[in-house]
Structure formats: structure tokens, C-alpha cells
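Next up: some structures, all given as C-alpha cells.
Look at the two complexes coming up: subunit A is in both, with subunit B in one and subunit C in the other.
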Partner chain A sequence: MTDQSITSLARIAPQKAPPARGPFGLEKKVFDQIVLAIVLVGLAAWIIPNINWRFVDRYWLRYLEGILVTFQLVFLSVGIGALLSLPIALARLSKRKWLTLPARAYITFFRGTPLLAQLFLLYYGAGQFNAAFEAAGLWWFFREPFYVAVLTFTFNTAAYQAEIMRGAIQSLPAGQAEAASALGISRWPTFFKVVLPQAYIVALRPLGNELILMIKGSAIASIVTVLDLMGITSLAYARSFNFQAFFWAALLYLIAVEAVRRIWDRLERHLTRHLALSH
Partner chain B sequence: MTQFNRFAVAAVAVAGMLGGIASASAQDVVRIGTEGAYPPFNFTDSNGELKGFDIDIAQALCDEMDVTCEFVAQDWDGIIPALLANRYDAIIASMSITEERMEIVDFTDKYYQTPARFIMRDGSDISDTSPDALAGMTIGAQSATIHANFLEDIYADSDIRLYPTQDEANLDLAAGRIDLILADSIVLYEWLETDDGSCCTFVGDAYSDPDYFGFGAGIALRQEDDELRERFNAALAAIIENGTWQDINDDYFPFSIY
Partner chain C sequence: MGELFGLLAFGAEGWGDELAAGAWLTVRLALTTLPFGLLLGLCIALAKESENTYLRAIGNTYTTVFRGLPELLTLFVIYNMVQLLANRIVQFVAPGSSFEISGFAAGVVALGVVFGAFSSEVFLGAIRAIPKGQGEAGRSLGLTAVQTFRLITMPQLWRLALPGLGNLWLVLIKDTSLVSVIALNDLLRQTQVAVGVTKEPFFFYLIACLIYLGFTLISTVGTNALEKRANRGFAMR
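This part shows the complex of A and B:
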């Protein structure tokens, strides 16, 4: 084949793929939407007549308060955890032993033990040494279950996020940094302006997963008397013995996770729009 | 040969199931659900065995009814749901007989009755335990208890913290995270006698309003198990009559808690 024929082939504009076909000769997208609608209507028809409205009337406001507390827990800890994760990831990547070893130990501990155990350790552990904390002027912080829960979740998520960031930074081709160095850009500007923005794009998806995992993981805070969504649920269940308490909790967690996932998807699409081939 | 083997396996399985059904209907084993974290009434000792006043009473009742007791430990939060789910046949775990609970389970007559009380740390500046006096204070209780319900309804201006077990509430009172605890007076008394409990002391009056605190501790059963309830009631009357109840009481307490 000659160069001529290749260019002439390339001149034919790429054609849009035909819409995927589903059953009954319907377009697949339309078919999927019909199935989804049938499932949702069926579920609603099954659930709505069985709703105990007295339960709903008594607890709906408290459930909303609960989900607000859940969001506070998650966004505070994931946000502060994100700030902490970067230095930890850098320490972990460092060539200096005195930096890598503590970072490694930290990550191993917080990823290798259950979140529940970490919360108990911090909450009741701090309670045992309250005199020392009082002397240090820190007791006001460790006294409140909400603060201790945020602290524990922050430590935990910082470890996971540090590993995500480490992987993302390592996934970038060495040529990126080398090219920057060839242009005479020094180390830190290279890191912040060349490496880090690209690393964040690689890390976006796993960071979104971590956020969603924390929404569900935060239910553990109810064990130390924080009235998050799960705390309200056990309260309502203990009082009413109505199994519906868990149904509403599951529904609200589902809505919360779905909403966050969609927002995150949007964010991701927006931030990676320069990489997108077609949208 | 394979055909025969399959038949044999099926026959054994069916025989096993029938056997299971037969022994369940004869009721020579009664499965008792208890918490195992509520000293001195029911707790797990260092050998992992269930001990306490509730366990001894249950054992005496089973002896009286001539059945074998099989104990099942279950977290307090799920203790009624697990009964309804047929994980055991009766709850003997210091459960107070209340109107709320009677909507979903049945109770035998009471086998003991003790009032509720508040405790605080030594030297706390609290003398009055009325809802007004405790407004803004932090009060702990075990969740899903009569004490929790009472606090939620009456002490709406206080910060109520609910714990999965009584032990955890005690830890937080000792640590100074909460100002008071409301719980059963005997349970609190036992804890105050320990080293950990030396921090704290009783405050205010005893509470026993039947609207909240019920009519004493009874044995909870599924509502359809009338026959078992009658047998428990008869056995309970018998052990009170013949002095067994009093003997068990005296093993634990220097005064009668009936």
C-alpha cells in the first residue's frame, strides 16, 4: 500500500456507531430504561402499602438529622485525610529510611486493622488516660465522641488515600519529571505543577471509591454513641422493634452513596475533559 | 449402587429431620436467650461460662419443669428480634415487663423487681435529679432499655448518650465523658463496689414508675407460646414456694429483691 491510499482512506470521516439493539427491536438504551421503570414501579407497589406511617411520622426528622451527622463525619475526615495523605505518600516514596519506615508503619497499621478496633482503641483508650489528656489541655477534644470518631476516620482514610496517591505518582512515566528537569524546572515546582496534577487525575477514581467506602464505614461511629444515620436507626429500632427502621437506613445510605457517586462522576468528567476523545 | 447410595442418604436425611421435629415438640430442651454482659444478673465469667442470678433462676426453673436448659448469648439490642426469629424459646435476661414490649412478646410473672437510680462521679455538684436540674447535662444509659426510654421521654433537655452495653456507659462515666448514668440500682450497686466503680456514687431518688419501669423483670416468650408460659409460671410459683428462689437470692444479695 502506498502513502497515497492511506491518506485517501483517512479522508472518510469516522462514522458514528449505530445504536445498540436490545430485545423486541428496541434501542438498548430505551429497553434498559423500560426495565428500570418496571422494577421501580414494582418495588414501590410492594413497599408503599407496607409502610408504617406512624413510624415515618415519628422518626423522619431524626433520620434527616442522622444523615447530616453522617455527612459531617465523612466530609470532615475524608477532607482532612486528603491533606494528610500527601505528606504521608511522599514520606513513603522517599529514599530516606527515617521517613519511609514511619510512613510504612502508619499505613500498615491503619490499613491492617479493623476501623471498629481503631475507634474503640482511640475512644476508650483516651477515656482511660483522661487525666493525662486533661493535663495536656486536650480533654475537651477527646471528651466528645463525634471528635474522636472524626479523628479515627481521618487517620484511617489518610492511610488509604496515601497509598492511592503513592500508586498514582508512581504510575506516571519517569520521562515527565526528566523532561521538566531538562527544561531547567527545579524539583518542587516539577512536583507541584507537573507530577501532582497528573497524579490526581489517575487517583480520582480510587479516591471516589474511598469516599463512598467511608460513607458506609462511618456507621461504626454509632457504637460510641454518635447519633449518625446508623445511631438513629438503632435508636428507632430499639424503641419500635419495627424492622422498617433498617429499610429506611438502607434507602438513605443508598441515596447518599448514589448522589455522591454521580457528583464525583461529573467532577471526574470535568477534570479529565482534555483527555476525553468524544463526549 | 450409586442409586442405592443416594436413596440411603435421602432416607437418613429425612429421618434426621423427623427426629429433629419430634424432639422440638417434646420440649425437653428449652433454649434460653440471655445477654451475658449485665452483672450480677447475667455475665460471662473468665472461663467463658454464663453466670449470674438470671442464669441460676433459669436453671432452677428448668429443673422444676424437668427440661434441659440450653443458653444462648445474644447482644441486648437484638435480644427480642432473635426470640421472634426462633433463635431461642425464652429470654431470661432481667428484662422488665413493659407495655411497649408486651405489644410484641408475652411475659411470665415477675421473678424480681428493683428500682432504677442515677449515679454520678464523687464530688459532682448534683443533688437534684429532676429534669429541670439536669437540663444541659450529659446522661448515659444502655440502649434499648427502660432507662433509655425514660431519659429520651422525660429528660429531653439533657444530652442522652446510649451505649450498646452497661459496661461502656460505666467506662465513660469514670472517664468524665458523661455526668450521670441511669440504670438498675442493683447493677449500679455491684459496679460501685468494684475498683473501677469507686469513682462514683448514687444520687437522687429511686425510680419505679410502672409506666416506664414496668412491673419487674419477667421471662419473655413468643406470643403464641402460651403453654410454655404457663409452665414457666407454674415453675416460678413452685421455686418461690419451696425456698429455692430465696436460696438463689441469698447467694447474691443480702436483702430480698422480689
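This part shows the complex of A and C:
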């Protein structure tokens, strides 16, 4: 083959594949969209006439309050848990046995037992020692289910987050910390300015998952009479015997989880924009 | 202290036998849910990998919904729905008679539905990790699609899916505690009963936690052994 025939071959632009054909002589894409539209309209036609507007009118404000309580529960516990998780992860990574062992025991306990059992242990267990707590001036805290739920969730999420942070810190090349120490940077600045920022980038995705798991897990607080979204739902169902109570709760939880997931995605893209990995 | 442990005695005096019965129910619940949930998860994963747009859409919607809802809510809804549906069917077949589906069955369905949603993601990851050439080789040898899946994809799938499934199994054991809310005498429920009588919440809930911890620790040993077996043909790295 001569040079010229090669260049003339290369000059034929790649052709687009013809659009896939669907039934009725329509393009597959168009047909799929029509099917989707029919399904959505069908769902709406089934659901909307069945909505009990009296129920909505009576409870919509309480549902909103419930979401607010759910978000308070989640953000308080995940936030405080994040602070708590760092020392635990460091203790777990330490070379000293008296630090590693308690950290491991803590993590194993809180990751190995159900959240509901932990909540019962702290909430009802604390009730047993109310005299002691009263003497210590702490009874106002342990009397309130909301506070105890935040405390339990904090302990629980701290254990999970500590494992996430441990993994993230271990995943960093040792050269990072070595380079810092070669530059004469001492231990703690190395940790806070070199190791931790990189670890957080690795940990970002699992931490987002943990946040979503806590939103779902926080429904458990309703069992000790916290009026979060799930608590309001149970209340509304018990009063009205209307199955719709669950439908609205499911919708609100799905919206909340999806919103948090998208915001977290945005955050991740923003924080990792210098890495040019995800684009 | 000795008095407290006396409460754990088996027999009419102590609560040991009640707790053991509850623990046994918890184990049975988790073990019954497992095959059901695995099968469901595998089907959903295959639907999500399918060439058919609608199967994919159904699989993805299923996963989005049941991974996004709190397990407690799913449990409540399915428990009531299964009850309602079963009754409707019975009314249709034999009008006038009533029918109660057991809390155990409803619990298995609810836990299985959630387990299916999560395990489908694990299976999907494993299916995608198997090189395409494996399936193509099977087809080119003249195996049918089903044979290819059963003889070539499946055995490799397990090895890749095991770590993820092990984690989900631990989640499942812990999630069984939620069925105590829908009137099933599992470990946590029996503990609540014991607490109601003895007024020793801290001690009994701690014991319950330790029993759950025992289950998860045993499971970890078990899944490690399974993983080791699944990896036996692969060089240690």
C-alpha cells in the first residue's frame, strides 16, 4: 500500500452507528421515553386520587418537624463522632499496646452489636443509675431520650469513622510523612498538615456513606420515643390508622438521602478538583 | 455481682433459657433470610447487568428505594403489607376465613428485601470484575447462556463477592434486632422482657450486646475461612 492510500483511508470520518430501532418503527430511545412517561403517569393516576388530603393537612407540619429532629440527630452525632474518631483511629494505629487494645475493644464492641441494643443499653441502663447521675448533676441529660440517642449514635458512628480514618491514613504512602520529617517538620504538624488532609480525601466517600447510614439508622431513635421523622410516622399511623403515614415517611427519607448523596458528590468534586481524577 | 449472674440461670428462676431461646430465634431468622436474600440480590444484579432497558430500570429503582429507606421503616411497611396482601388473597380464595401470617415469615421477607438490595450491588461489582472474555469463551465453546453463567461466571463470582457478602451478613445479624419491634421473640425482645421483670436493664442489655458480639465474632471467623477456601487456587500475595 502506498502512503497516499493510507492517508485517503484515514480521511474517511468515523461514521456514527444508526440509532437503535424499537417497536412501532420508533427510535428505541424515543420509545423508552414514552414507556417511562406512561409508567409515571400511571403511578400518579394511581397515587394522587388515593391521597387523603385530610391526613396531609393534619400532619404535614409535624412531618417537617420530624425531619428537622432527624437532621439534628444525624448532624450532631456524625459531627461529634468525627471529632471523637480521630483520637480513636490514632490509638488504634499506635504502637503502644495499652492504646491499641482499648481502641480495638471499643471499635469491635460498637461495630459488632446492633445500634438498637446499644441505645437500650445506654437509655434504660442509665435509668437504673438515676440516683448516681442525679448526684453527679447529669440526670437532666440521661433523662432526655433525644440526648441519649445523640450520645449512642455518636459512640456508634465514632467507631465506624475511626475504622474509615484508620484505613485512609494507612493507605497513604509512608514517604509523605517521611518527607515531612526530612524537612524538619515535627510530628503533630506533620499529622495535621500533611497526613490528615490527604487522608480525608481518601476517606471522603466512605464518610459520605456513613452519613447516609446514620440518616437511615437514626429512625431507631423513635423506639425510645424521640419524635424524629420515624417517630412522627408511628404516631400518625397509631392515631389515624392510615397506611399513608408510611408512604410520606418513605418519600421524605428517600428525598433526604438522595439530597445528601448529591450534595456530598458535589463536595467531593469540589475538594478533589486539583487531583483531576474524577473528570 | 453473683446475684446478677444468678439471674442468668437456666430454669424457672433465671432468664438463661429465655435469652437462649431468643438468641436461637435470632440465628434462625438470619439463616433463613440469607438464601432468600442472596437469590434476590443475584436476580437484581443480573437485571441491572441485562441488555434490556426495562429490566435495568426496575433493578436500579429497586436498589435506590430499598437502600435509601431506613430498615425500620421497610420492616414496618412490609410486615403490614404482607399481612394485608395475604389476607386479601385468602379472602379471594376462601371468603370469610381470616389468616395471620407469622411474624417470622414477615420478618424474613422484610429482611430479605433489604438484604437483596445491598447484595445486588456486591454481586454487580463482582460480575463486572470478571473479564468479559470468560463469558465469551464459554459461549464460543458452545455452552448456552445459562450453562455459561452456572459453570463459568458463578464459581468466579463467589470469590469476588465473598468479602462484601460477609459484611452484609454482619449487617443482617444486627438488623434482626429490629424485628423485636414487630412482636417477634428474638434475643432483644426476650431481653426486654427480662428487664421488665428484674429491673436490671444495664446488666441484661450488656449481656444481649455481648451475645450479638459473639455472633458477629464467630461469623467473622467463618467468613474468613470461606474466603480462604475460595482463594485456595490463587497464589498468596
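The rule we apply is simple: the second predicted complex is superposed on the first by the 234 of 279 C-alpha atoms of A that agree within 3 Å, B and C clash if a C-alpha of one lies under 4 Å from a C-alpha of the other, contacts with A are read in each partner's own complex, and residues count from 1 in each chain.
Criterion: a contact is a pair of C-beta atoms (placed from the backbone, for glycine too) under 8 Å apart; a residue touches a chain by one contact, two chains touch by 3 or more.
What you see is a predicted model, and the numbers here were worked out from it, not measured in a lab.
Between subunit B and subunit C, C contacts the larger number of subunit A residues.
With both structures placed on the common chain, the touch criterion links A:Gln33 to neither subunit B nor subunit C.
In the superposition on chain A, contact is made by A:Phe241 with subunit B only, not with subunit C. Once the two complexes are laid over each other on the shared chain, residue contacts for A:Gln128 go to subunit B and to subunit C alike.
Of the two partner chains placed by the overlay, only subunit B lies in contact with A:Arg143; subunit C stays clear of it. Of the two partner chains, neither subunit B nor subunit C is touched by A:Ser181. In the superposition on chain A, A:Val257 contacts subunit C only, with no contact to subunit B.
In the superposition on chain A, contact is made by A:Ala117 with subunit C only, not with subunit B.
By the touch criterion stated above, A:Met230 is placed in contact with subunit C alone, subunit B being left untouched.
In the superposed model, A:Gly217 lies in contact with subunit C only, and not with subunit B.
On subunit A, the surface patch touched by subunit B in one complex and by subunit C in the other comprises residues 124, 126-128, 223, 234, 243. Considering their complex, residues 28, 32, 35-36, 108-109, 111-118, 120-121, 124-129, 215-220, 222-223, 230, 233-234, 243, 246, 249-250, 253-254, 257-258 of subunit A touch subunit C.
Those residues of subunit B lying in contact with subunit A across their complex are 77, 80-81, 100, 104, 140, 143-144, 148-149, 152, 161-164, 168, 171-172, 174-177. Interface of subunit A with subunit B (complex): residues 124, 126-128, 130, 139, 143-145, 223, 225, 234-235, 237-239, 241, 243.
Residue ranges on subunit C touching subunit A, taken from their complex, read 53-54, 57, 64-65, 68-73, 76-77, 80, 170, 174-178, 180-181, 188, 191-192, 195, 199-202, 205-206, 208-209, 212-213, 216-217.
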